[in-house]
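In the two complexes that follow, chain A is the common piece, with chain B as its partner first and chain C second.
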Partner chain A sequence: MMSLTKVRLWDVVKQQYRYKLKGYIQVFMSMVVLQVLALIFSLNGVGNAGASGGLLNVNTSYFSADFVLAFTMLWGFITAILITTKAYSNDDFIFVTNRLSSHLSNVLFLVTASILGGLTTILSTFLLKVIVFLFKSDVYLASSADLAAPMTLLVGVSSASLYILLLCSLGYLVGTLIQWSKLFAVLLPAVFVGGLLLNALSGEAGILAVLYAFFMTESSFPLFFLKVVCTSVVLFWGAFGLSNRLEVRP
Partner chain B sequence: MGIVVVLILFVIVGGVLWLVTKLLNSNNVHKRGRYAYTRRVRMVFGGYLAILIVSLLLNTLLPVKGLNQLEKVDRKELTSEGIVLYDDALAGQVDEKFLREKWNFDYKGEKLSIASSTATYQSAPIVVERKEQNDGKIEAGFYMTKSSMNGLDITQYVQLPELDLIRDKLLLSNSPINEIRFSQFTNVFAVRQFTGDRLFSHNSTFEEGQWIFYLKVPKDLKLETSGLSLQYVGG
Partner chain C sequence: MTVIECKEVTKILGGTKALDHFSCRIEGDKITGLIGRNGAGKTTLLKLIAGYWRETAGSIEVFSERPFNNLLVSANVIFIQNEMDFPTALNLKELLEVMAGFYQNWDRALAERLFEYFSFSPLQHYKGLSKGMKSTFNMIVGLSARAPLTIFDEPTTGMDAAVREDFYRALLKEYLAHPRSIILSSHHLDEIEDLLEDILLIKQGQELLHLPMSDVKEWAVALEGKVSLVHEWIQNREVLYTKSTGFHQSAAVRNDFTEAELQQLRLEGVRISPVKASDLCIYLTRDSEGGIDDVFNKG
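On to the complex of A and B.
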């Protein structure tokens, strides 16, 4: 069938993006569940330190939303993989579409999901504080984390969102690889876990240590932003390229 | 050890992956009643976001116990105060500003045994000053300089020892036990990497103040101890 209406790419992307925000809304339910679960884990503290003098014994518990961010990053990874599956990607054919518009709307959806994930992760720190203040009878030591400074909040939300986006882009590439060949569904986890075990056995710093050094030890936010955005663009681009090799939908 | 960590990590990651996949697949977009479910998700997400925003507001309103009362202290000053307290005590001129607890006992006996009911005071610095007369009174004081945690004065949380005269025995005990639990919030690691804080380890500095028991006893009272070491003023 031929269409006489000329459709602009950006209009299609916008339509698909709006549709995906409504159609994929269930991913936010799983995010809430995971964040609540991570908050429960965080109630015991993310670290403990003890010291003893001759007379006093002191024990300090540290609380932060580290688990929440880690879980949300994993959520972003899985969500990105899932939206590359046929069950989700076939939804795009409701619209006049091509692969590029489908990918662009997916990327926009993942960026939105990352921002919402980053925002809720940073805000969950305050929920954790309220729970600990109300239900634990310890003495609180002041720290810079007690100041809800607008700049800290902004940096927190931005960097948390970037971390989630990074995992989303990785998940998107992994998902596309699996769509390309189901062999990767077995191969990738095997290589990842096997690599970790081999590194642990040999005591060598593996790829995770390299990635840790590249992203997590970066103390300049603009540089971190550039690193994450460039890496994500490369990963998304890789997924675009791979999907062009996929079979055309019958 | 490394393998155990990797396996634990694998179990956690696997668990999260399974949970997310199950949650997402159990509510597939193609399922019937999608719109009702969409509304439910909106309500849950909106409710969660509302709770988070209320928590943010509560954080700025809630008075946090212990957080605002603790004063900053100079660690170098604390160290020098400790040395001064100890030297002054041995010289018989203990500074009363460090007095935390005081006891007075009437005692007519010729011998007194000093003992501790807990291991805490086995190495306690006990300084004894002999009075110039036999007045039948024992005066005891517990002196302590400030203790600090991360540069904050935590002296108010120190439980004072107890001292009882039981027949011819002066017994030291610590009830309740000095176990202080602190809580500290740290920023999420995505913020810590830009603030110069440690990423995945925590650093605390704890300094216990110098403490001594100072006893003023009648001139000719004989003192005995079981395991405790006494130091005499001017001796």
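On to the complex of A and C.
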């Protein structure tokens, strides 16, 4: 009798994580494409201010990599949905897995993806500056938003990563809901768009505004960190709970 | 040692019972053939054993644990089927590497030798392989994993005759060198007959027969002779199959003859021959018409 292999959950998770970094490499390709696209959009500047008087004509353009962050957040959302689909999640069952290890390695992968996304987003601001400096502008005015100091840079990267992670965890829950019942693929967008419309009609600030205020206007980094991590944990945990009874279907 | 134990397992798929109060017990270190018609519930049973699906009712235990969502079972079972969802981003060589990381008994040397023997190229992708080549690659994975419970569901689909032959030889050699529990489901019983130690016949989601191969060969006999003679002998017996052409009748019946009766038969000029296992399975799994019902009612 061949003796049974004893496995520890954490070893399997590590093995799966290693495989996913390699196997899901395509999602990073799409991230790069999206970020380049976002950079091109950003070249128009996010704001213009002009003043002229007599012979003098001053035109100031503001540039920011907000587009890049927004696009990367969207990418995180879609990536998270993508890896909950059968094409990806069934792959795990070729190898050694249970649902928990599969989820944990997915979370690790999404955290890694968020950090990479955050890093490239912040780095893209430098690329943007160089492009603007070389091709767009006569005079370059540095702003307070320049992330030159290491500490500022670190906070910038972390915040960007956290925003992406937040969207990842939301996407993961949405994706799992859709796997649970295809009905959600119709229901969730309908509720989302419908809610927006209702809010607009009634003129109230809806839940989105509340969420925006909760996450986007936090000025203390540790508090922001806590908010995002707790929310993500809750969202991921929801996805775990939902999928624990899902079968492997072709 | 019991590897798999099913008690009254029912699995409902899309409103119909794919498995209906199915019970069986499969002992370790044997090659068991899982035989049944299309839609008999073979794949359903294997998916339950592999922990892919959840049983609707009853209990199923693999290595004394419930397989669904179970890490121990997953680590010790390899389930090879036709629709293997290998990740598309990796080439064949990388796939084998990843597999080696997951399965602790994985035999790299064997995988490599088989890989070369069947002339795969490392940079190929699984998606681009032909049906037969896919099956061949699956087989390499299944054999190299050296999992204590190895399940092959219709492993030879699309393989040409030569590769099928190679596969059976490889399976046998591997089994002899490293005994493990193997379940083989196949339509080609006559091909795998010599390989199997046990046979598990299922029909309409229920266990029909679970016997050692040697017993299966003696389970029934074929009688051939004059209609009047044969007809008399098969009265009040389980008739699996009968065919008459004019004066001549041949029949397959359950072998519960005594030695004296067999002697008597021979004297009367009735030809007695064994029923091939594959024929027996065909007779038993045929949709019932009259006499065959008796077999099932015996259960």
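Following the convention adopted for this analysis, the second predicted complex is superposed on the first by the 230 of 250 C-alpha atoms of A that agree within 3 Å, B and C clash if a C-alpha of one lies under 4 Å from a C-alpha of the other, contacts with A are read in each partner's own complex, and residues count from 1 in each chain.
Here is the rule we use: contacts are C-beta pairs under 8 Å (C-beta built on N, C-alpha and C of every residue); 3 or more make two chains touch, one makes a residue touch a chain.
Quantities reported herein were computed from a predicted structural model and do not represent experimental measurements.
A.B. asks: Name the contact category of A:Tyr24: first (chain B only), second (chain C only), both, or neither.
C.D. replies: After superposing on A, A:Tyr24 lies in contact with both chain B and chain C.
A.B. asks: Per the contact definition in the header, classify A:Gly53: touching chain B only (first), chain C only (second), both, or neither.
C.D. replies: The answer is first: A:Gly53 touches chain B but not chain C.
A.B. asks: Quick check for you: in the superposed arrangement, does A:Thr79 touch first (chain B), second (chain C), both or neither?
C.D. replies: In the superposed model, A:Thr79 contacts chain B only, not chain C.
A.B. asks: A:Val155 contacts which: chain B (first), chain C (second), both, neither?
C.D. replies: first
A.B. asks: Return the chain, chain B or chain C, that is in touch with more residues of chain A.
C.D. replies: B
A.B. asks: By the touch definition at the top of the document, which applies to A:Val229: first (chain B), second (chain C), both, or neither?
C.D. replies: Neither partner.
A.B. asks: Applying the document's definition of touch, where does A:Ile115 land relative to chain B and chain C: first, second, both, or neither?
C.D. replies: neither
A.B. asks: Do chain B and chain C touch any of the same residues on chain A, and if so, which?
C.D. replies: On chain A, the residues that contact chain B in one structure and chain C in the other are 22-26, 87, 91.
A.B. asks: In their shared complex, at which residues does chain A touch chain B?
C.D. replies: Chain A reaches chain B through residues 22-37, 45-47, 49, 51, 53-66, 68-69, 71, 74-75, 78-79, 82, 87-88, 91, 120-130, 132-133, 136, 138-146, 148, 152, 155-156, 159-160, 162-163, 193, 196-197, 199-201, 203, 216-221, 224.
A.B. asks: Over in the complex, which chain A residues touch chain C? Could you list them?
C.D. replies: For this pair, the touching residues of chain A are 1-7, 9, 12, 15, 18-19, 22-26, 86-87, 90-91, 93-101, 244-245, 247-248, 250.
A.B. asks: Tell me, which parts of chain B touch chain A in their complex?
C.D. replies: Interface residues on the chain B side: 2-3, 5-6, 9-10, 13, 16-17, 19-21, 23-24, 27-30, 37-38, 40-42, 44-45, 48-49, 51-53, 55-56, 58-60, 62, 64-68, 70, 120, 123-124, 147, 149-150, 152, 154, 157-158, 174, 177-191, 193-197, 199, 201-202, 204, 206-208, 211.
A.B. asks: Residues of chain C touching chain A in their complex?
C.D. replies: Chain C residues touching chain A: 1, 28-29, 47, 51-54, 63, 69-72, 74-76, 83-90, 94, 98-99, 101-105, 146, 148, 178-180.
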